[in-house]
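Input: structures, listed below.
After this come two complexes, each holding chain A, first together with chain B and then together with chain C.
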Partner chain A sequence: MTSLTIHRPIGPAIERRSRAALGPVVGLLVLLAGWEAAGRLLTEAFVLAAPSEVARYLAAEWALMGRALGVTLTNAAAGFVIGNLAAVLLAAVALVWPRSEGVITGLALLVFCLPLVATGPILRVLFGPGPGPQITLAALAVYYTTLIPLLIGLRAAPQSWFDLVRSYGRGRLSTLVHVRAMASLPYLFAGLQIAAPAAFLGAMVGEFTGAQRGMGVLTVRAIRALDVEMTWAIATLATLVSVAVYLAIGAVARRVLLDEPPVILSAPAVTGRRRRRDGWIDASLVLALALGGWAGALWLFDLNPFFAKGPHDVVEALFLAPDAAATRATIGAALAETAIFLIPGYLAGLLAGAALAMLLILVPVLAGTAMPVAIALRSVPIVTTAPLVVLLIGRGALGTIVLVAVMVFFPTFVACLQGLRQAPGQVMSVLDSYAAGPLTRLVRVRIPAMLPAFFAAARMAVPASVLAVTVVEWLATGAGIGSLMALSASLSDYDVLWASVVLVAALSALGYVLVGRVERRVLAIYAPEQLA
Partner chain B sequence: MERDVTPPPDVSCTALAKTFEGGTRAVDPIDLTFEEGQTTALVGPSGCGKSTLLRMVAGLDTPTSGTVEIGGAPPVSTLRQAGLSMAFQDPSLLPWRTVRGNIELALKLARHRADPAEIDQLIALVGLDGFAETRPAELSGGMRQRAAIARALATRPGLLLLDEPFGAVDELTRRQLSQDLPRIWEARGTTAILVTHSVSEAVQLSDRVIVLSPRPATIMDDITIDLPRPRAGPAARSDAATALTDRVFAALSKGMAERSAPMAAQ
Partner chain C sequence: MTKDLNRRTFLGTGAAALGAGTLGLGSARPAMAQTAVSLQLSWLHSAQFAGSYIALDRGWWAESGLAVSLLPGGPNAPVEPPVVSGTALVGISAADYTAAAVAEGAPFKIIGVAMQKNPFVIASLPANPVNEPADLVGKRIGMALANTPVLEALCTLNGVDIDGIDIVPTQYSAQPLLAGEVDCLLCWETDLPVAMDMQGVENQTMLMADHGYAVHSQTYIATEDSLANRRGDLVRLMSGEVRGWEAYRADTDAAARLTLEMHPDAGLDLETQKLQAARQVPLMFSELTDANGFGWWTDDTVAANVETLGLLGRTVSPDLWDRSILEEVHGT
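== the complex of A and B ==
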């Protein structure tokens, strides 16, 4: 089988359905009650609006909110379609020409790691006013999370299915139509489910950069005015829309697939039996193509050299120019400042996600309730709640760290809970036969079974946490690399802006690859079948 | 309504050998001819390379050396005419298609017209009445294998390759299938090659049993089974049947002894 970190819900359909219906309701009620109580208690503090206040605000301001929501949804939908079409196209190329897969995924990762905070203003200059940047950012936010599951899905069939088609003398086209396309559908839907809220988030970030209308514009206005109710109303609306779209795509998937779509944790680090040499060749190709494409695009579109910096400009700014040392020092200081928020937040999010999942698995009733809520909350565009976190915890280091941690927490928690529940039934039965207690089962079987999911989540969390930290720095704290990029964009200091984009993307991709390395080490011991 | 049946071919393997990438010798150079219209069983211990041999005949694995000819032509041309079908060890039913849907897909791939009545007949024959519209996930392992056999028969192949087709089928059903199924392909004059590690199954189903040694596979014995049919029930316990079964067992044991001897000597 192909290496996967994708899990199907286990158990008969009926049991699943009743639990799926009851769990979220209970979970949501608990969530709402807690929120309302906290809101009432903290009325004087001007940081938290209770659900009743949010509802009242939404009802009163519906004309404004509804119009903004419509604009953002339209842009998000356009980006969603474009990004997913690109993903399908790239997957098709990788399928037709397998040797290109390493380069395609490498380039895709690099583009995915571009900091939206900086690409936003750059796109704004390129496109001028209008929905261009919003749609582009929405497309950029979705294509990677669709491409990777799709690549897995297109290969997620046992060899004998391909043999069967071949044994009737049919070739690759028949395999594609009758086996691959169908086998990849669940993966495609799972990818689309993650993509929908991501598109909404991308569109909102695009609107931060000087759009005229949309939820992002309202967000910026709410933060500037310190309007607590408006901030909470926007975050609530964004959450509701994301969850609704997530559920709607899930419902379509169930109709089409006659089954739940698999929960995509994320893709394995590297595909199977590739040789190390191929990896280096691919990496060099990715680098060459990225630089060539960058320089080529500048030349092709004949952009104003004052604004549009090429690879040589960045090298010059960082190493050759008279003020290169100062530029390096500025960017280095900003990166270091960001790392202080990013790394503790990232680690805290991972640990909290894994720990809560382990705790819940010891209390199965709770796990059944928390799981659907967590899956739905995972689709919340966390970044849109950045202003809330800042309102609640302040503009200091803690607020940023908490936000990064929250961004990392949900996917990790969902992945770990899935992994823990994934423990092989027969091995569990063996432990049962020795009357092993729940703790022994957790340590001996469940945690090892959880590791692949944990690491897959840790890998995908790298770009996500970079996105979170840069957005918070930009919108709220005014510190670190996120703020530097925003500042240099508004000051037209394009050398610093482009150099920062390159460094952030490279470091982000490097972090992803490094976590992937650790992952492979661990999987070689605990889940060798995933590397086959 | 008989449709054209692809004429049963003979299959000849000449100096056929397969060594895997890691250097494992699955099959040592082997010469073998499967007569047209006959059912031949390949019997050998697990992992002896008999499945690999079958896959090379099917054109799914490329031999390291030697050739396979089906009716005097390489397997590719038989494949192109959809002149063979194979029932795999793993039933390989597509999970999103029903039993009927899986059979229809095979007919489509083989460019045959689907005749609903004939599909129903086949489904009934393998004992899956009432399961035509069921998806594989809701069938037991044995039922899935039976569906896969029905699918293999549906395209009326001239050459039928069966790789442990009854592995997951329970004893009683297996007995029934061993009686019913050969009737179909024998009536059509199909050339059938059956891979199995069950000696009784081999003796009961085939016209000829070839006993293979442990890996790398070489021929230990080549036994003609000239028992009258049907061979189930009392006939299976006749003196002649017992003698043939004993001969197959003897060849198997000899193969095991020869292969393990060098290892013991080390």
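== the complex of A and C ==
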């Protein structure tokens, strides 16, 4: 133990690298061996292809796969850049004009909560033929998971640093450049790492709205044709690309982030009537802007009222129309059915993500093994894993719950891992001098340091889990609100579709607010600088 | 008319579809001004639409002054909205979806029927077959819950008690049948059974159209506005379709080869496409179309459709079908 702790002052980056050198190789071998065995065992079931079969397929069809990958990757990259730029821009506005932060994050959340089963076709109508929907869905999949960590990072600096800038008589801009931007970098990189697989998935699902070519198009084709080799070849390529981008961003982060995280000491935040009043004003503003933006967009793009429903149409369908009660009952039943899958999956994914991150801190040797598996789990397109999970676990609720947990697990895991590593260097040195064991460090320093990131992940996981559950319901189980939205789109029942979208977005936002309540209580004790 | 020239037209069409809108200025075809129109397909590119590919490839639309874009569909692709909003002049829908859209206020007419017989089948394995609707009782059927009305209609038409059937919601794949999770599948004649054939799995299908389920499929829809104001374009588009599909019927293997040639990135397998193309023929062509031409219908077939659609909960009027474009195409 002591031999390891001596290296501590050299810096986490170097330490991590040397220890983990063999890990990925071992992890990869274990993964491949298990996969090969499972693939051979399940040949008759038409759900899984072994790595050897995948390799054979890729060798034979590399030209087709290469072209498809090029198309999807280009769209995903464009969405990644646009989405992350938007996140940085929104964070900058929130920082320059702090009063706007509540409204910005509120609106950003609402947009992020829009289920892509419903937004996909609407984007296709808006953009017409071409890559518009693919790029937009990729951007929508990433901007929020970058914005939230970024906002946290922009505040994650000690008060003394701000005082120092002020003592030089410099203003907000200098604070932004010299303190906040630097403090936010670790959080930004964590956000970008989470964004990489999300952008790829967004671009693939975007292709479901009627694209000429790409990995999503090939996935649909392969699943229908029972072409298991092709299905898993696509999944493998998608995973490899996501893992590569994840590692590349990590490598850049290690080069840029040389300093140890600082100690952040802040006075407890002032909470009270004023803050609560601001919260209500923000919520009303978000609501007004959302409704205004919605109606305005319909008018601006001159969308046909046959499929483009405005706020008044939804109110009409839910409350005023003769069949309003029946509509409410249909949507309510679907929502209840979805909640049964959603909530356990959400909690399980959250706990699993935090637990694995802690385990990796305690037993760093595991990192190399677990990391590729974790990234792979998140990157394998949910479209291809759904049948396998359903076969292994059964067609009951558990399969959907597991799929939701997998989608929640990865962002939580990445955020928590990054949070755990934000443990201040000086405090760790103090613990070193007391020869404190890894468990003591974890409980006393790392977990408190992780809490802001964990709660940020818990908040972001609300819309992510809604996205997951609606996609699984739509593509695999045919139950709940995801299926109802797909069905109402195909039957041109756009009133029900838009009403469902509104309710799903509103309920997601509500869940987010509830998590935020818990967060405030906990952070008031452990990380008051976040509440200032 | 050389092949190369047609390819260029095709590329030019793509550029126009991307919003260039410069067709006619930058086009390599000086012959005549081309009107750009789009045909919204209902699914990804495949032999399912090979008749249209033939019309495009042989330049039959270009000859008549139409620059046609074939817009692919997909699992989350809108079909009716692009037609309503004018992005596509014509869309490929089905009578039940069209009826639903009309009930929601879309001003559609069906102007042609590509699939005379509905492609829905019950697919099963020979060891545990479904040969007729009565065989469904006591079986587990894998299907999207969304298709429950379809199964209900089949049961009503044949006096089968639907409560005796165990409906298992599954994704649209033959895998649950092969894994033994279900005894049969509700699917299309031309996709999952073809996939099983290609994987060497012996299977059989019961065509629902042979048991009273009369719903026109792969129907061409256009808005009332287009029917009033763009008749010329509609006639030219449909006459290309008719020629294309007649040529398709004459040589389905060639149609499958052309499908792959025109869509190298679609991940299609030639043998699968040949089989699909061949199995589609009995659904699209009948004595009725032999006598009157591709896409035709009569008052009787419409009446049968209205009845089945009623069982699906759709009240439709025979006015939904407008044969005037086809009549002009076939010169009757």
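Basically, the second predicted complex is superposed on the first by the 382 of 532 C-alpha atoms of A that agree within 3 Å, B and C clash if a C-alpha of one lies under 4 Å from a C-alpha of the other, contacts with A are read in each partner's own complex, and residues count from 1 in each chain.
Keep in mind that, in the parts below, a contact is a pair of C-beta atoms (placed from the backbone, for glycine too) under 8 Å apart; a residue touches a chain by one contact, two chains touch by 3 or more.
In this text, all values refer to a predicted model and were calculated from it rather than measured experimentally.
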| Quick one: chain B and chain C on chain A, clash or fit? | fit
| Of the two partner chains, chain B (first) and chain C (second), which one does A:Gln134 touch, if any: first, second, both, or neither? | neither
| query | Of chain B and chain C, which one touches more residues of chain A? | reply | C
| message | A:Gly210 in the overlay: touching chain B, chain C, both, or neither? Say first, second, both or neither. | response | second
| message | Quick check for you: in the superposed arrangement, does A:Tyr168 touch first (chain B), second (chain C), both or neither? | response | first
| message | Quick one: is A:Ser465 in contact with chain B, with chain C, with both, or with neither? Answer first, second, both or neither. | response | neither
| query | After superposition on the shared chain, which partner residues are touched by A:Tyr494: those of chain B (first), chain C (second), both, or neither? | reply | second
| Taking the superposition as given, does A:Thr400 touch the first partner, chain B, the second, chain C, both, or neither? | neither
| task | Report for A:Val179: first if it touches chain B alone, second if chain C alone, otherwise both or neither. | result | first
| Which of chain B and chain C A:Thr338 touches, first, second, both or neither | neither
| Quick one: smallest Cα-Cα gap between chain B and chain C in the superposed arrangement, Å? | 47
| Can you list the residues of chain A that touch chain B in one structure and chain C in the other? | none
| Any idea which chain B residues touch chain A in the complex? | 55, 58-60, 78-82, 84-86, 88-90, 92, 94, 96, 105-106, 109-110, 135, 155
| Contact footprint of chain B on chain A as seen in their complex | 158, 160-161, 163-170, 174, 178-179, 182, 257-258
| task | Could you pull out which chain A residues touch chain C in their complex? | result | 44-47, 64, 67-68, 71, 117, 120-122, 124-125, 128-130, 205, 207-213, 217-218, 220-227, 230, 303-307, 386-387, 390-391, 395, 475-479, 483, 486-487, 489-495
| Taking the complex as given, what residues does chain C use to touch chain A? | 17-19, 38, 44-45, 69, 71-78, 80-82, 84-85, 87, 97, 100-101, 103-106, 144-146, 168-175, 178-179, 181, 191-192, 195-196, 198-199, 263-269, 272
